[in-house]
Amino acid sequence: MSNTLDAYLVLSGLLFSLGMFGFLARRNAIAMLMCIELMLNAVNLAIVAFGAFLPPLRDSAAVIALLVMAVAAAEATVGLAIVIAIYRNRRTPLVDEYSQMRE
Amino acid sequence: MSSAELAALTPLVYVIGLAIALVVVDMVRPGDDRLVGILAGVGLLIGMGVVWLAGANGATQEVFGGAYRLDPLTTFLDTLFLVVAFLTILFTPDYLRPRGYPLAEYAATLLFAISGAMLIAGATDLLVLFLGLELLVLPGYMLTAYAKRDGLATEGAIKYFLLGSFSSAIFLFGLAFTWGYTGTTSVAGVAHRLEQVVTGQQPIAAGLLMGLALLTAGVAFKIAAVPFHYWTPDAYQGSPTPVTGYLSVGPKIAAFALILRLFAEALAPLKADWVAVVAVLAVLTMTLGNLVALTQDNIKRMLAYSSIAHTGYILVGLAAFAGAPPGSEAAKEGIASVLFYAAAYAFMNLGAFAVVAALQGRPGVTSQIATFAGLGRRAPLAGALMLLFLLSLTGIPPTAGFFAKAYVIAAALASGGLVPWLAVIVVINAAIAAFYYLRVGVVMYMQDVPSGAQPVTNSLPMRLGLVVAAVGTVLIGLVPGLLLPMAQAAAAAIL
Amino acid sequence: MGDLHFASVVPISATVAPPGSEAMVLLVLVVPLLGFAVTALVGRRLGRLAWAFAVPGIVFTWAVAMVVVFQALSGAYGEALRFTVYTWIPAGALHIDFNLAVDNLTAVLLIVVTTVGMLVHVYSIGYMAHDPGRWRFFAYLNLFMFSMLLLVLADNFLLLFAAWELVGLCSYLLIGFWYRRRSAALASKKAFLVNRVGDLGFALGIMAVWTTVGTLNFPEVFQLLPAQLASGAIQPWMLTGIALLLFCGAVGKSAQFPLHVWLPDAMEGPTPVSALIHAATMVNAGVYFVARANPIFSLSSTAMLVVASIGIFTAILAASIALTQNDIKRVLAYSTLSQLGYMFAALGVGAYVAAIFHLMAHGFFKGLLFLDSGSVIHAVHEEQDMNRMGGLWRKLPITHATMLVGALAIAGIPPLAGFFSKDEILDEAWKDGYSWIWLVGVVVAVLTAFYMFRLMGKTFYGPSHVDPKVEPVVHESPPIMTVPLILLAIPSAFLGLLVGLPFGASVIHSWLGPIFEQADANLGHGEPTFAFFGVDGVLIVVSVIAAISGLVLAMRLFGFHWPFTRREIEPEPAVVARWTDRLRPLYRGSFHKWWFDELNDLIFVRFGGVVAAACWWFDVRIVDGTVNTVGRVVSGAGREIRLIQTGRVQNYALGIAIGLLIVAGGYLLFGGRV
Amino acid sequence: MLTLPATIPFLGWTWNDLLFLVLAGGLLGSALFVVLGRNIIHSGLWLVVGFLMLAGLYALLGAPLLAGAQVLVYIGAISVLILFAIMLTQSKAGPARLVFHHQAWAAALAALGLGLLLVIVVGATAWPLADGSAQPQTSANVASALFDDFVLPLEIVGVLLLAAVIGGVFLAKKDDARESDSDI
Amino acid sequence: MSGLPILSLVIFTPLAGALLLAFVPRDRVALLRWLALGTAVLTFAWTLLMVAGFNDATPDRGGFRFVEAASWIPAFGIQYKVGVDGISLLMVLLTTLLTAVSILASFGPIKERVKEYMISFLVLEVGMVGVFLALDTFLFYVFWEVVLVPMYLIIGIWGGPNRIYATIKFVLYTLIGSLLMLVAILGTAFVFASGHGGDWTGAFDYEQLRGFGFSEGVQLAAFLAFFLAFAIKVPMFPFHTWLPDAHVEAPTAGSVILAGVLLKLGGYGFIRFSLPLFPQASHDLAVPIIVLSLIAIVYGAIVALVQPDLKKLIAYSSVSHMGFVTLGIFVFQQQALQGAVLQMVNHGLITGALFLLVGVIYERTHDRTIAKMGGLMGTLPVYAVVFGFFMLASIGLPGLSGFVGEFMVFLGTFAISPVYAAVAVLVMTIGAAYLLWLFQRMFTGDLSDFLRGLGHHLTDMDHTEILTLAPLAALVVVFGVVPGLLLGVLQAPTDAVLAGLHSAGQALGGLP
C-alpha cells in the first residue's frame, strides 16, 4: 500500500479537498491562508509521489517541490502583510466582514 | 551560461535590474519620487529598445535547455508589457502624490510584476510558467494593497490575494497532474507526448483530463473568465486607480500569454477537448460581464465588468484557434487576433482608467460615474479622450477596439465547428456594451457640470501618458497594418 | 450630367402644320404660367392692381387659343398637331415625353376653357376688388389656367395625369382661399382627398396601360390596346379593368357618385372659382378624359355600362338634392353634378359627340349661372341663402336677364344651347337601346327645369326677404362684372343654333365625328340618322314637354316675372309648405343630401380615426414596446446577475470551486475520446 | 537487536504500510483539526503537526532531503510567520463566535465532490511512466538538477522572494500618515 | 481634373475642416460658424466639380468613375478604395448640399457649444460621404460607423428634453444591425478568401465580391445580416421606432440630416450591396421584404395621421416614404429601382426642408404641438407658402420632384403585382390626408390663442431661413420638371444591378 502511487495520490487529493473545504468554510483570513498552505502541501505530496514512483521524474520532483515550498513562503509573506494591513483598517480578521464592495 | 543565453535573457534581466536599481535609488535618496519616476520611465523606454535589439532578428532562440525561448511572440509580448508598465508609471504619480504614498516601492513592485509577465511570455517550461505567474501576481496583490491606509484597497487586495492563492494552488495541482502524466515539464515535450496520445488514438486518461480541468480553472481565474471572475470587480474597484488600469491589462495579457504557451502550445494536441470549454467560457464571460456592467454606478467597477467582457472577446480568438484545424491559417489568425486584441485593449483600457485617475488628482474624489458629469465642458480634452477610449472599447471605427473586435470576429468566422457562431454572440454583446459606454458619454457630454466641481489639473506625465494611449488607440485602429504583421509573426512562432 | 433631350418642338404629325403652330400652342401654356409666376412673386406689391399681369395675360392667351382653335377646326393641322417639347422622364423603357397635341376635341375644349376662363378673370377684377388676398387669387387662377390647358393639350397619360393633379391643386387652393373660414379649409381638404381617391384608380389604370403596352402616348396606346385585344395578347377583362381604373379618376374629378361629395362643399371658394373650376372647366375633365379614351372604353361593354349607370344615377341623385337646397350656389353645384351625370350617361351609351356638346354648352351656361349667382351674392352682401333673397329682378336687371337665359338654357328650352345638347343625349340614349337611361334622363330634365326656376323664383321674384339693413343699398354690379355676364349669355343662348344644327349632321358632329370614329366602329354605330318626323321628333317633343312642365310647376309655386311685360306670378309658399309636408321623408332625404356626408364622416373620419389611433397604439405599445421590453429584460438580467457578487470571499471561492467541478465534470464526461 | 517481522502480524502489511497509514492518518487528522478547530491558535499548532507528518511521508517516499526542507521551510519559517500573524490579529474578544461561514455545508459538499472526483480519477488513471515502486533519491542528483536543469527557476524564485520581501515590508510597515478616505 | 483625387477631397475636406475647428478658441463663435459653413460649401463645390467631370471620366469595369485605390490593411487585402457611379453621385450631392444647408440653418438655433456642434457635423459629413463612395466593404463599414458617433452627440447634446433616451436608442438600434453586418462583411470576405485558396487579396473589394458568386447558404446568412443593418437604418417596419424618438429629440439640423441622408444609407446599402452581392437571397426574400415595405408605406401614413407632434408626424411620414424606396428596390424592376433612387433624393430634399420648416416655427414658439397651432397663414404668409410648397411636394404633386420617383416605383411594382401596387397607391390618399390635415390645423382658421400669446415673437421667416430653403425648393422644382437630370446617370448603374440579379436566376412571378 505504501508502495503504490495511487495511495499517495489519493492522500494528496484528500488533503487538497480538505484544504479547500477549510478555505471555503473558514471566516478568518489567517485560517484561510493556512488552508491554502494545506492545499499547496497536498500538491507537493503529489509531486514527490510522482517523483518516487515514476523513474524519469525522480530528480526533478525534488527540485520542483523545493521551489514550490519557496513560492509558498513568498505567498505567505505577502498574504500576511496584506492581512496585517487590512487588520489595521478594519480591526477584524474575519474576511466575510470585508464586504464593502459588492454587486 | 553562454553568451547566446545571456542575450536572450537580457530584456528580463534588464527589467529585474531596473527594479532593483529603483530600490537602491530609494535607499540612497529616500522620497525622491521625481528621480524614481524619471528613472523608471526612461528605463522602461530603454527597456523597449533592449527588447527590440534582442528580438531584432526575429529568429527563435532557445536557452536553458528549452526552458526559455526568445521568439517573435516573446518580443511582441515583452514590448507590450513594457508599454503597459511605462504608461502605468506615467499615470501613477498624480494619484499617489496627493495621497502621500511613495513611488519607489510602487515602481519596483510593478517592475517585478512586469518581469514575471515577461518571463511568462518566454517560458517554455511548465515550472517556469508557474514561477512567472507567481512573480506576476504576488506583486499584483501588493500593488492592489498599495494604498494601505485605504480600507477598500486592502479589502480588494485581500480578496484578490486569497482567491488568487486558491487558484494558484488549483493551477499547480493541474500542472502536477500534467507533469506526472507526460513526465516532462518542457512545453515542447508535453506537446510531443500528447501528440502521441492523440495520434495513437488512445483514450485520454482521466488524470490528464483532471489536470486539464484544474489548469483551465486556474488560468480562467487569472484572466477573470466567468465563473472564475469574482475577484475582479472588487479588486479593481478597491485598487488605486492607476493600479486598476494596470491590473485590467498587465496580468490579464500575461495570463493570456500563459494560455498561449500552455494551452496553445503545450496542450494544443488536446484542443479538440478544450475548445468547447473555452467557447462556453467565452460566451458566459462576455455576456455576464456586459449585463452586469449595465447596472453599475461606479466607473471603476463598471470598467471592471467591462474588462471581464473583453476577456470573453479575447477568448473567442482563442476558441478560433482551437476550433481551426491544427497548423492551419485560421489557427494562426486565431492566435494573432488574441495578440492584436490584447495590444489594442492595453491602450484603450489603460487610457480609460487613466482618465478616471486624472480626475482623482485630489483625495476624496470618488469614481462614481456621476463624477464625470459635464466633463466635456469642464475638461474638454479629458472628456474627448475618455470618449475616444470608450468608443474604442465599444468597437466603433476607426479605433483600435474596432479593428481588434473585427479581427477576432474574422478569426472566429474562419474557424471551424460552432466557433463561427461566437461571432454573432460577440456582436450582440458589443451592442449591449455600447449602452453602458455611451452612458458615460451621456454623463460627460449631456449633463451639466455639478456645482462646486473643481478644475482638473494634471501633471506632464499624466498628459503625456494620455496622449500616448490616445495615439495608440487611434493609430492601431487607423493603420492596423502596423501591428498586424507583428501579431501574425508572433502567432506563427508557436504553431 | 444626364442626357437631356430638349428636342425642341419637333412636329411628328403627317400633315405639315402652318409654321409657328407649335410656338402658338406653347404660348397658350406659357403665358398663364408666366402670369402665375409674376403674380406670385410681385403680386403683393401691386396692391389693387394685382390683376395687372394675370388678366391681360389670359386675354392674350384666349386670343392665341382662338387662332389655334381656328386652325385646328379648319383642318390646318390635319388630324392633329402633335409635338414633343422635351423628354420628361427618360428612364430606359419608361420614356415619357412632354408632348402636346391639338386635335378637334382639344380645340372644342380650348374654346370653353379659354373663353370662360378669360371672362371669369375679367369678372374677378370686380368681384375680388376688395379682397386683400387678391394677388393670391389671380396667381392661383393663372396657375389653374395653365394646368387646365395642359390637361387638354397633353398627349400622354402621365402628362394628363400631372395636369389632372395640378388642376386639383388649384381647386384645393381656391376652395380654401378664405383660409380663415374653417368651412373653407375643410372643404378644400375634402375636395383634394376625395379627388385623390379617384386618382388612385386613375394612377393604377395608367400603370396598367404602361405595363400592357409599354407606352403612354395617346395615339400609340389607342392603337396598341385594341390591337392586343384583337390578337389575344390581353384578355377582355384586362381591358375592362384598365377602363374602369381610368374611369375612377374621372369619377373623382367630375364628382360622380360615389365621389360626388366634394363638389357641393367646394362652393366655399369665391364664386368666380365656382364658375370656372367647379362648373365650366375642371369638373369636365373627367368627361373629356373618357371621351379622349374612347378607343379603350368602347371596347368594353361592361365599362360602358358602368359609365352610363354611374352617370345617370348621379344625374338623378344630384337633381333630387338640388330640389330642396337653399344655398344658391349649392343648388347650382348639384345642378352641375346632375349635368355631368348626363354627360357620363352620354359617354356610356356611346354618344360621345353629344357628351362633348353638352360639356361645351354646360360650360357656358353654368359658368354664366355661377357668375350671376356671384353677382347676386355680391349685391346682397355675401348672403347665399335664397330664403333671404327675393324680388331682386328689379334691382339687378342685367344679372336677372342673363341668369334667366342661363336657366332657360339649362332647363332645355329651345332654342337655347341646353336644349340641343341635352336633347341629343336623350335621343341617342333611346336610339342606342338605353331606354331606361332615356326615361331617367327625362325625369331629370323635369327636375332640372323645376329646381332652376325654383332658384330663379326664390332669388328674383316675389317679395323681398333681403336683410332690411342691406336692402336699400342693393345695386347692380359694375360693368367689369356685368359685361362678362352678357358675353357669356350669348353663347349660352346661341351655341346650339350655331353648332347644333342641322339635326343629325350638325357642325359639331363634323368637328368631332372623326375623333370618335374608332369608338363608333367598335360600338357598331353606323352613320347618324335623323328623322325629324319620326322617332327623333317624338323624342324632342317629349323632352321639351318635360322641361316645360317642370318649369311651369316651378313658376307656379315660386313665382315668375315675364320679361318685357308687367305680368307677375306670385309665389305660393303655402302650397310649397303643404307639399313639403306631405312628402316629408323624401324631402328630408333630399334636404340632407341623402346623408352621404354623414356616411363619409362615419366611415372615413370616425372609423378611420379609430383605425389610425389603434395603429398608433400598436406602434407605441407593441412595436416599440417590444424594443423597450428587450432593453428592460437585458438590464433587468444585469441587475439580477450582479447579486451573485456578494462581496464575500468565501462565496466567490465556492463559486470558483463549483466552476472547477463543472469544468472537470465536463472534461471527464465528454473528453474521454476512444 | 530486535528484528521486526517482515510484515505486521495478522494483517500482512509491511511496516512501511503501517508507517504510511499512521502518517497519512496523522496528516489528515491534523489537517481536519486545522480546518475545524475553533481556536485559531490551535489550528496553527495543528498545522505544524500536519507539516511534520508530511515530512515523514517524504522520508518514507525516499526523499529525505525534502523532508528536511519541509521541516525547515514550513515549520521553521511559514508556521512561525503564521503564528505571529495570528498573535497580531487576535482581538481581545478571543475566538470568533462563528468559526464557519454560513455556506459551510455547501463548502463541505463541494470539497467532498472534489475529493471523490480526485479519488476516482486517480483510481482510473494508469500513469504511463510508472514502474511500480518507490526509488530513493540522492541529494547529489537533486543538487545537479537544481543547478543545472533548473537554474532558471531557481533564480526566479530568488527574484520572487526579493519582490515579496520588498512589497511585504512596505505593506506591513506601520506609517504615521493619517488614515486616508476611501476613494471608491 | 484627371489626377485630382476628387473623391478623397470630398471625403476628407470636412475632416480637415473639423481638425481646423478644433484649434479655434471656443468663444470665437462667429468664426467657428463661418469656418464650418465654408468647409461644407467647399465640400459641396468639390462635389459639383465631380458632377461636372462625371460624364467625361472613364468608368472602370464595374462602372465606377474616379476610382482611387490604395492598400490599407494588406494582410487582409483591405483597401482604401473609393469610386462613384450614378447612384452614389446623387447621394453625395444630396449629402453635401444638405450638410451645408444644415450648418447654415444651425447658425441661429445653436448657441451653446458651437465648436463641438460644428465639428460633429463635419465629422458626420465625412462618414456619410464615405459610406456612399466606399468600394471596399470594410471601408464601407468603417464610414458607416463613423456616422454614428457625431449623430449620437448631436441628438444627445443639442436635443430636446428626452434626448438621452432617444440618442441611446438610436445608437443601440443602429449598432445591433450594423454589428451583424460587420460579421457578414468579414464572413463574405472569408468565404471569398477560401475560394481563392486562402488569399485575402480582394476579399473586401466590392467589385471582386460582386463577381464572386456566393453559395446560397452564405448568401442567405449574409443577406439577412446586411438586411438588418439596412432595414434599421431605412427604417423598415417593424424596426422603425427609433426614428420618431430620434427625430423629435434631435435639433433641427440633426433631423434634417437624419431624414435627409442617414435614412438613405440604408436604401443605398440595399442597392449597392444586398442586391449585387446576394442576388439569390434577394430573390428568395423579396416577397417578405415587399410585404414589409407595403406595411411600412400604409402603416406609417396611418400612424402619421394621428400624431400630435409636428416632428413625429413627419417622422412617420418618412417611414411611409422610405417604404417606397425599399419597395422599389425589391421588385427588381428598372423603373422601380430608378424610382427608388429618385425617391431617396427627393425625400432627402423634401423631408429635409420640412424639418427645417418645423425648426422655423419651433424657434419662435418652442413648441411643436400641432393642436396649439392655427391660423399661421395670416401671420406668417411666407412661411405658409413655403410650408405648403414642400407639403405638396411631399404629397407627390406632379411637377415637383416627389412625383416622378413615386410613380416609377408604382409602375415597377405594378408590373410585378397589381395588388402590391394597389396597396402602395393607397398612400396617395392617406399621405395627402395627414399632410393636408396638418396644414389645415396649422395654417387655417384664426390665429390660435397660444400663438397670439407670443405676440411680436411670431415673425415671418428671416433671410437666413429663406436662404436655407431656397436651394431645396429650386431643386424640388427642377427635379420635378426635368427628372432626366437625375435619371440620366442612373441608367448604367441600375442596369448593372438588375443584370446581376437576372443572371442570378429566376425572375419573380407576376403579371407579364
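Going by the order they are written in, the chains are A, B, C, D and E; count residues from 1 in each one.
Here is the rule we go by: a contact is a pair of C-beta atoms (placed from the backbone, for glycine too) under 8 Å apart; a residue touches a chain by one contact, two chains touch by 3 or more.
Here the structure is a predicted model, which is why all the values come from computation and not from measurement.
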### Shared chain contacts [subunit B and subunit D, defined touch]
A, C
#### Entry: Target subunit C, source subunit A, minimum contact steps
1
### Query
Which chain pair shows the largest tally of C-beta contacts?
A-D
### Query
Which chain maximises the distance between its CA centroid and that of subunit B?
C
### Query
Counting only C-alpha atoms to place each centre, which chain is farthest from subunit E?
D
### Task
Please compute the C-alpha centroid of subunit C, do the same for subunit D, then give the distance between them in whole Å.
104
### Query
What is the distance in Å between the mean C-alpha positions of subunit B and subunit C?
78
### Task
Return the distance between the CA-based centres of subunit A and subunit B, expressed in whole Å.
26
### Query
Taking each chain's centre as its mean C-alpha position, how far apart are subunit B and subunit E in Å?
42
#### Entry: Multi-chain contact sites of subunit A, meaning residues that touch two or more partners
16, 19-20, 23-27, 29, 32-33, 50, 54, 56-57, 60, 64, 67, 71, 74-75, 78, 81-83, 85, 88-89, 95-96, 98, 100-102
### Task
Could you tell me which residues belong to subunit C and also touch two or more other chains?
642, 645, 647-651, 653-654, 657-658, 660, 664, 668
### Task
Check each residue of subunit D and list the ones that touch at least two other chains.
101, 103, 106-107, 110-111, 114, 117-118, 121-122, 127, 129, 149-150, 153, 157, 160, 163-164, 167-168, 171, 179, 182, 184
### Full enumeration of touching chain pairs
A-B, A-C, A-D, B-C, B-D, B-E, C-D, C-E
#### Entry: subunit D - residues contacting subunit A, complex
13-14, 16-17, 19-21, 24, 27-28, 31-32, 34-36, 40, 43-44, 47, 50-51, 54, 57-58, 60-63, 65-66, 69-70, 73-74, 77-78, 81-82, 84-86, 88-91, 96, 98-101, 103-104, 106-108, 110-112, 114-115, 118-119, 122-123, 127, 129-135, 137, 141-142, 144-146, 149-150, 153-154, 157, 160-161, 163-165, 167-169, 171-172, 174, 179, 182, 184
### Query
Across the complex, what residues on subunit B touch subunit E?
329, 376-377, 380, 391, 394-398, 402-403, 406, 409-410, 413-414, 420, 423-424, 427-428, 430-431, 434-435, 438-439, 441-442, 445-446, 479-481, 484-485, 488
### Query
Along subunit C, where are the residues that touch subunit A in the complex?
642-643, 645-650, 653-654, 657
### Task
Name, in rising order, each residue of subunit C that touches subunit B in their complex.
634-635, 637-639, 641-642, 645, 647, 649, 651-653, 655-656, 658-660, 663-664, 666-668, 670-674
### Query
How about subunit D: which of its residues touch subunit C in the complex?
101, 103, 106-107, 110-111, 113-114, 117, 121
